[in-house]
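Have a look at these structures, which come just after this line.
Below, chain A partners chain B and then partners chain C, in two separate complexes.
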Partner chain A sequence: MNDAVIEAIDLSKTFRPAVVAVNGLDLRVPRGAVYGLIGRNGAGKSTTLRLLMGLLRPDRGTAHVLGSDIKDAPRETRQRVTYVSQEQQLPWRMTADELMAYFSQLYDQWDTAFATDLVRRFDLDTTRPLGTLSGGDQRRVAVILALAARPDVVILDEPAAGLDPVSRRQLIEAMIDFLGDGGERTVLFSTHILADLERVADHIGFMDRGRMMLSGPLDALQGGMRRVQVIFSGDRVPSGFEIPGELRRRTDGPVLTAIVRLTDPDQVNRLQAIEELRVTEHSLGLEDLFIELMERDPHSMGDLQSSPWWQHA
Partner chain B sequence: MTTFSTLTDADRRVWTALALRQWVAFGSLHIGFLVAWLVALWVLQLVAHPGWLIAFGLLYTVLVTPGMAGADIMDGTEEFSFALPPGRRAIFLTRMGIGLAFLLLTTGLGSLAMAFDVPQALWSLVATSGITEPNRPVTPSFLYALAVLVPAAAFAGTFVVASLAGTRTIVGVSWGIAFVAVGIGVFASLQVESLIWDKPIGWMTCVMLLLGSVLTLLAGFLAYDQKEALIGGGRAGARSGTIAVVAIAIGITVFALAMFVVSVSYQSMTVREVRDQSMTVREVDALRVTPLETVDP
Partner chain C sequence: MLLFSINPHSGVPVYRQIMDQVRYHVAAGTLAPGQQLPSIRELAHTLAVNPATIAKAYSELEHDGVIELQRGRGAFIHATPPSMPRDQRRQRLRTLAERMAVEARQTGADDADIRVALDQALISLNRKRPS
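== the complex of A and B ==
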């Protein structure tokens, strides 16, 4: 888990007229990780994935998958990476059967048995032209193609978008089966569905306005953040009072609620030791964490980037 | 140098799959054109002038090339295609190879067959009638080269514009852009030849077309390799479809006009040839008569 299979350094992309989609992004996905990329709409997630796949040219910086710029990599390397785009269309005249036969020629590791199993699980009609299938079915076909090629790296842009809950569950199960085949597979995916992300991801990265706001192992991220509520004995929060590691605060009379980054195990205990204060501490779910971070003032992100636990092991 | 025989089995399998996919996608159109070409040239012998071959090649360029080169843009599958292992260079080369090979095969073989009067010679083995009466090869001979090179240049321009297009509208009108460029090039080149040699002799135009085609395809190949994938959009909607239909309708109209011009020029050439031939006969008669007239008792 030490070597990165996906690495972006100072990656930047601006679309005309002056829309900064990705702005100096650094990203490192370790081998074997299931890395979930989250962020608000327009945060630059899809553009980042397209830059990694060589579908767009970066204005600045580098994007490497499996150690090279995937656009110029030889076929042997390219066939170890598959990609499903959020807005991707499949050749609508072809049937899923024809497309799978085509893929079996393009990918040396194509797994027909796994593809057949997924088709059965997804209950797909593979004899109809893809253009006549629903959007959800087309998405399932795209995912089957990406997973049954047995790549080392899978990049998925909102794979569950537009799928019903049952299909989403099937998709997650397919991903888990894919990951559990014994090979050291790496998955990088973007999503808005945090429940799915919590179920399969072991690393996450928060993107905002084209930058990586925070990234690291999921456990460390969740364990390193707390919501701390402090109630003062007076009628208001004393001016100048600040909790160590405070990232975001809200005050309501004598009540201060803050999101705190834990850098020291005794950080909250020291507050609780003060008799005049009533201090309670709550762990944060991923969704809480996401909302708290995304609502934060983007100008004060520097301290987040420099926190000791955001970096990968 | 890498050739098909030096590739690994896996590479050969991938190239074959790519070529088959392109052939399957546009196979019916190619077969239709092939049948039309065979019937027109070899059976009915309607194609009796290089101008007809130029028209045939241009019609192929209008109807097949934009759809083949711009297939991913029309279908919204550029992201999908570019992410596949063969990459965009292989996609470009495969499509170009199939299109260019088909075009050169039909126009090249057609031109050779006409130059040597092969279909009529073959038919005359079976039957002799008005329709199988051997034609005299059309002069000037550079027309045979132009019959190959004009469609090839139009194909090259259309293929590159459609491949690099950023919108479906550009794909639809790509043939028009190429036709204008080729037309201007041919006209200018023939004018220059007329100035230098009193009349167009063709070789300069042929060289210009050949070089232009090769350089256009090479530049297109390099640019396509750097192209950014068009994002999403789905396949051609109603508006895009209408634009494509209108563009093709205009193309067919241009083709019909070109055929008309070719017909007229062919007719006038035939009349001129007959007139020239008649004059020659009269001259011969005069020569025959002259000795008798000189013997005057």
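== the complex of A and C ==
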């Protein structure tokens, strides 16, 4: 349990007047994870990240990064964590070169070669005042600063928002280079864009209305869920027929389609053994999973979090 | 250099896709015993996936005896790639055959067409395999 580099317990924040942004959130990010915090706009993702960075004070609960509340942490700890907010404000009179020179003094692990490499790849003009750069380029500068500081933990709020596919790919490549061989450095990012996320994230947390609905290693989330279709030989699905572990179902005449949580490997095989049924089974992409989960009543999701299929994976 | 390709939206975990492709290339003979695989860093960069995912694929492949990880040197195809346990192989084959039968039938092919197509695929696979 001590290997969590980011840990929030019962984290809650309400904005006046009575807008509940984060509501009893539990979040655990293990060391070395690339953790994607997913949710619709307004799910509370940005507020969560700002609480973790100590930019907001929680009403209840705790938010720890590298073992302590970041506001109380010594400088040595704070310089091991970097953060890029959604509306990054950079000093607009300074150039990227000047800002990078400044950061190299602030951060002991500053990596000049990596910064130079990223500037070249992002094709940035580092000699112009930051205020004259496009919004996208300003965000790229902020990302370079966050990664070239070589922190243990990087927190990125919607890094892919507003970027075209080529820029998103560049961002992901920068992230991958930052990770090196993997396993040491931790990235936590929020997003409502699922494209490309599946490439890089290995842990996922689904947030909805300020709560964590489902979280865990992506492999286990994907491996543990299937879309199963059963076609009966009659003209309707017999009443009372259920697929073991089904979470959502749709019936259309003799066709039953269900999202099924796998708890044992023979669950679907047993159905296939029944002669008069035609059973097909499909993997679920992250996007399918997201849609299926978000359409569900969040109050009935608790059983998923405590279910064994991903916790033991 | 070998081409791996992954589809992150397929719902099949990325490390599985990589494992399957290494296995495929070993079966087809395009990866020979002793041949070196790209480093974790290199493959992560090429595929734009998390290095931890590549590391996981490699370590599972090592566990299954398909590759050998040599500290500081990299990953190599095992000199004697293992065969699957019989039960597992039978189960796997059944799943593959069922999928092929269903999808092939949807194209309107009859039993004979399907058998011929499978035979041809085996012939061309055997041709690729050296020796």
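Basically, the second predicted complex is superposed on the first by the 304 of 313 C-alpha atoms of A that agree within 3 Å, B and C clash if a C-alpha of one lies under 4 Å from a C-alpha of the other, contacts with A are read in each partner's own complex, and residues count from 1 in each chain.
Just so it is clear, a residue touches a chain if its C-beta (ideal position, glycine included) is under 8 Å from a C-beta of that chain, and two chains touch if they have at least 3 such contacts.
In this text, all values refer to a predicted model and were calculated from it rather than measured experimentally.
Colleague: Please indicate which partner A:181 is in contact with in the superposed arrangement: first for chain B, second for chain C, both, or neither.
Modeller: After superposition on chain A, A:181 lies in contact with chain C alone.
Colleague: Figure out whether A:219 sits in contact with chain B (first) or chain C (second), or with both, or with neither.
Modeller: Second partner only, chain C.
Colleague: Figure out whether A:90 sits in contact with chain B (first) or chain C (second), or with both, or with neither.
Modeller: After superposition on chain A, A:90 lies in contact with chain B alone.
Colleague: Between chain B (first) and chain C (second), which does A:107 come into contact with in this model arrangement: first, second, both, or neither?
Modeller: So A:107 only meets chain B here.
Colleague: Quick one: classify A:82 as touching chain B (first), chain C (second), both or neither.
Modeller: Only chain B is touched by A:82; chain C is not.
Colleague: Kindly classify A:131 by the partners it touches after superposition: chain B alone (first), chain C alone (second), both, or neither?
Modeller: Only chain B; A:131 stays clear of chain C.
Colleague: Using the touch definition from the top, say if A:50 reaches chain B (first), chain C (second), both or neither.
Modeller: Only chain B is touched by A:50; chain C is not.
Colleague: Let me check the overlay on chain A: which residues of chain A are in contact with chain B and also with chain C?
Modeller: none
Colleague: Considering the complex alone, what residue numbers of chain A touch chain C?
Modeller: It is residues 32, 34, 169, 172-173, 176-177, 179-183, 196-202, 218-219, 222-223, 280, 282-288 of chain A that touch chain C.
Colleague: Using the touch rule from the top, collect the residues of chain A that touch chain B in their complex.
Modeller: Within the complex, chain A touches chain B at residues 50, 53-57, 71, 75, 78-79, 82-83, 85-93, 102, 105-108, 131.
Colleague: In the complex of these two chains, what residues of chain C are touching chain A?
Modeller: So the residues of chain C touching chain A come out as 6, 8-16, 40-41, 44-45, 47-56, 102.
Colleague: Which bits of chain B are touching chain A when the two form their complex?
Modeller: The touching residues are 10-11, 13-14, 16-17, 21, 25, 75-77, 79-80, 82-87, 226, 228-229, 231-235.
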